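All chains are identified by letter, namely A, B, C and D, in their written order; residue positions are counted from 1 within each chain.
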């Protein structure tokens, strides 16, 4: 049993961590921090937790933290300087911001400026269990992947076996996301009258999850490659549907089967089938830690279209963080994550 | 042909005024004002008007206004002090804020404090054409009704004939609105992730359109009465559906026919029919100046349920304001307002 | 440990039963029946259950059922004739259709014609745990309440203490529901282009949950009363928000506290607080078995406005059915139902 | 002034034709046909037209048609055999179905089997005014483009100038559409509970608008090329947002300016600007005949991303058909089409 501190628990990611951990069989105490809401009950802000977690937010006194694990759900760079000391005290750390995900100091500090620490960057493990499970199990410091990056990577990684047949310089990823991905802070872009009943592309020339995707892919495929990523938000709070196009020589294989074998006993990745075309449904993964993938192969051109659905706040965020914690503490990997989607 | 100034043209109401007036056969020039956006093209903010109205917003120098009519789409009280001078110069004025709608100085100044002017309050005509058409035609100063008030009043006014059979102290109005009614300013309440896929009641104990409804009804029915009003927002940008419950002695009449007769040749009120039950569709009125009404009479209990649908920004706002302008300048009443809803 | 048969498991209610029961600690086997889909994996239809419940639907041979409990999620009257025999064999039965909810043979057979059985009607227990817990614990045959009825009853029942101060003949309930309440069968009314981005009232003069509400209320309050009920669907799949207006003499009490006391240790009813006004959020109850209630008292008029939010398929359907099963088999009441809503 | 017959006026495309033509200054009479609804008022089905077009649907007796133009909004092949006779009588014809759009008999009859007529196919003009305006002006028989095809073509055509720099074999188009594109017939796929709050890819390996796009592009670019098209529906009734990716050598041009020059005085194509990135808004084009295009050029890779927004039922359907009619009869091109989108 562990105590868990969530730094920045007032945001959406922090709130979902609390929701998932409050019923986690391996967690005995939750310490939610928030400078803004310190003293107020968690459930006054995350009203879904009313009568479930009514303890107050506390001030984040990182130095005095008495817990085995700290989740940094707040992206502010000031927190990063606290990590080495925590690790020294034997506290494990999972960060949910983008900092340190890209294990290339110059790229990392360009995109996430304000703090540099080569030793931390060297030590960090990228928290994609399907790729780095054994490293995560031994890690003290895990950087949780971005929501779009999780989606694109889980769709692309199984193709490593065929990498020499693919045009790796023309990977095209278009992702349609729920609006919760942008966080809890109101903005004109996501003011409801502006964002409902529509589809809004944004950051179409550069989204910072793009270099993250490319870095992990290059590191895995051991090849240079180029990815073109376009995000958009649609009229829903949660979920990401990614359309991943890969140009390929004609592959004479059952690609779905290959994906199924690749993910083998993965508890949270499901390769869906559907007759002529394999299309996952967002509904099946929203509010769960599942990532559902549909693999489609154009028999004439060889083009591969992978459709990938996950919940941006769970498998694309807090759920994956809990999965990482489970690995780091040798808990059952599904603890706290046995959520099943509804129909409809 | 008139020149029209829109003060506060950067908001949703102001934007819709521009959209309706830009193709109005009686308007030769539009002067959109905005302190915040002065100098920028209207279409940089209201992008729907791109290549249609690309003139810049100007600073609102009310004293120097050279136009026959001024619409005050901004609710700030500071503007009201400018009105007497405008009227003196022969400029007609339509206000879209709440101030002066309730022709009772103490009530008005309680709800809309910051400026008082009994002469203005005495002169103001309440801009509901179906009720005050002849007064509006002669008016210099019209206060445009609130969106919820328009909806409730158009649903209730035709029952004046039966007022002695009704329980006027238990009028119940529940209204479900699109989110544009709250204006263009982002808020946590209307942050898309919080407001999509749901129904959110708000101001359930007091919304300031309530005394407005009661004031006009009392003034018309010449009776004391009490109305209970509950607003909510749903997952749509535009439109109000009001559920109006009236307890009554059993009326042995075709109530729909009575409504139809009451509104006679009104160009923008349609009494819908539908077999067993009469239910208007929001889709039919959104983006139009129509108000569609369905009248339902419980044959056993005598309860009357009027369902009333309109577009909060058009018939509940800028469209009605244009209708009032048309009356004030003796234009055809439908000028600028010949919009037809789509299906679906 | 029990085996559970779900008759009509292909519908939304049946699917949600499977989802809730598949992880239920007291259920060792699930037998999903469907004439239409017999032989096909459950997860080919309810794709959310892929890799969770991939067993096939079986033909519903009620006579040969080998299970301790049967849920009838299909409303067809033909099934009802099978119930006496099941009860004789010691099988417990929960029905999710409307039949037998109203314990008045003439009213029941008028609304739900096709089968009559006075003994069954006499025996049935209405499955609202908050009202009939002790009876449910001893019951062999439970009729699960309608979704709207659950919502209205949970909002109204706590006022029994003040019943002599209330105008029980003018109870007004307006409910806005997600579209899943109408079931899985496509229709023009719920064709997406017709039903998205809007609010659609329907069955405004008579919905068959109305007499159900009145019957239970009269039976509980021991008084005659009259309720006016108007349902509508909005642009969301799940959830019901009910607006319940009760006219009352002025009550000099903290009504929220009274509701809180009334529901005491109920595991699934939460009385929300919110400062000036008490408004529950649908988001907090969707995908859970919670019913969240906000109580508002107009200090001037005495009018009471209760806002009541629940998930129509869970607390308003399958979740409540599982809660009833838990009571009938002396399982912990929360088994299978420890779902927490998300934010957002 | 012409009389216009709409065959199959009960569908969404037919309804929008009626809505646009009923206020068209060049149309003196509308003859809406429908076998299913013959005798019933148009406005009993298209309720948006209540009190605007209450004439009844008539049986489609094509032989006796007394009108200058016939729109075939019904896709059934039986109608096509009637076209030659109509043309012989001097009646002009616009078809809104897919038949004959692809001027390649074998491909056309493979995708749209059931009727063949080489002379008709030879004569047909593809009704994309921006490409074939002069031909349309002289045409007797116009096939109106598909909604997705309109979107992709308007996004791609301006690049003809640079065609030798582009990788024409790897054109990637992902389109997110409102659900009205699938027509008025209810289906499980578009049953509201299944289709709301989500994004659903479909026909991901082959949509029949794909060969249409390729045929017109090849015909225009005079080069072989290959396009990869993936459609999806999102939670909205109307609108298409297309994401068009084109790989290119680095172009040292202002591509937006090139697009602007290409479309010059086109009344309905707008090239939007937006600072760092050029993103059109669906809201600005829904309920209008505009197509808004944003051009984005990745300065490093040379990748071009064109975002293209239009209303699938107007510029992608009935609006474009009216535009074609205007050209064929030498009406002003904007007649009946001066719709402006709202904000929000």
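By definition in this document, a contact is a pair of C-beta atoms (placed from the backbone, for glycine too) under 8 Å apart; a residue touches a chain by one contact, two chains touch by 3 or more.
What you see is a predicted model; the values in this text were computed from it and never measured.
S.K.: Tell me which has more C-beta contacts between its two chains, A-D or C-D.
M.R.: Greater number of contacting C-beta pairs: A-D.
S.K.: Tell me which chain's centre, taken as the mean of its C-alpha atoms, is farthest from chain D.
M.R.: Result for the farthest chain: C.
S.K.: Measuring centre to centre with CA averages, how many angstrom lie between chain A and chain D?
M.R.: Computed from C-alpha means, the inter-chain centre distance equals 39 Å.
S.K.: Using mean CA coordinates as chain centres, what's the chain B-chain D distance in Å?
M.R.: 36
S.K.: How far is the middle of chain C from the middle of chain D, if each middle is the mean of its Cα atoms, in Å?
M.R.: Averaging C-alpha atoms per chain gives centres 46 Å apart.
S.K.: So which bits of chain D are touching at least two other chains?
M.R.: Correct list: 12, 180, 184, 193, 196-197, 235-238, 281, 283, 344.
S.K.: Show which residues of chain B lie in contact with chain A when the two form their complex.
M.R.: 12, 178-180, 184-188, 190-193, 195-197, 233, 235-238
S.K.: List the residues on chain D that touch chain A in their complex, please.
M.R.: 170, 172, 174, 176, 193-194, 197-205, 226, 228, 230, 232, 234-237, 239, 241, 243, 245, 247, 276-277, 279, 281-283, 296, 298, 301, 303, 305, 307, 344
S.K.: Name, in rising order, each residue of chain B that touches chain D in their complex.
M.R.: Within the complex, chain B touches chain D at residues 12, 15-16, 19, 22-23, 46-52, 180, 184, 196-197, 237-238, 270, 272, 281, 283-284, 287, 292, 313, 338, 340-344.
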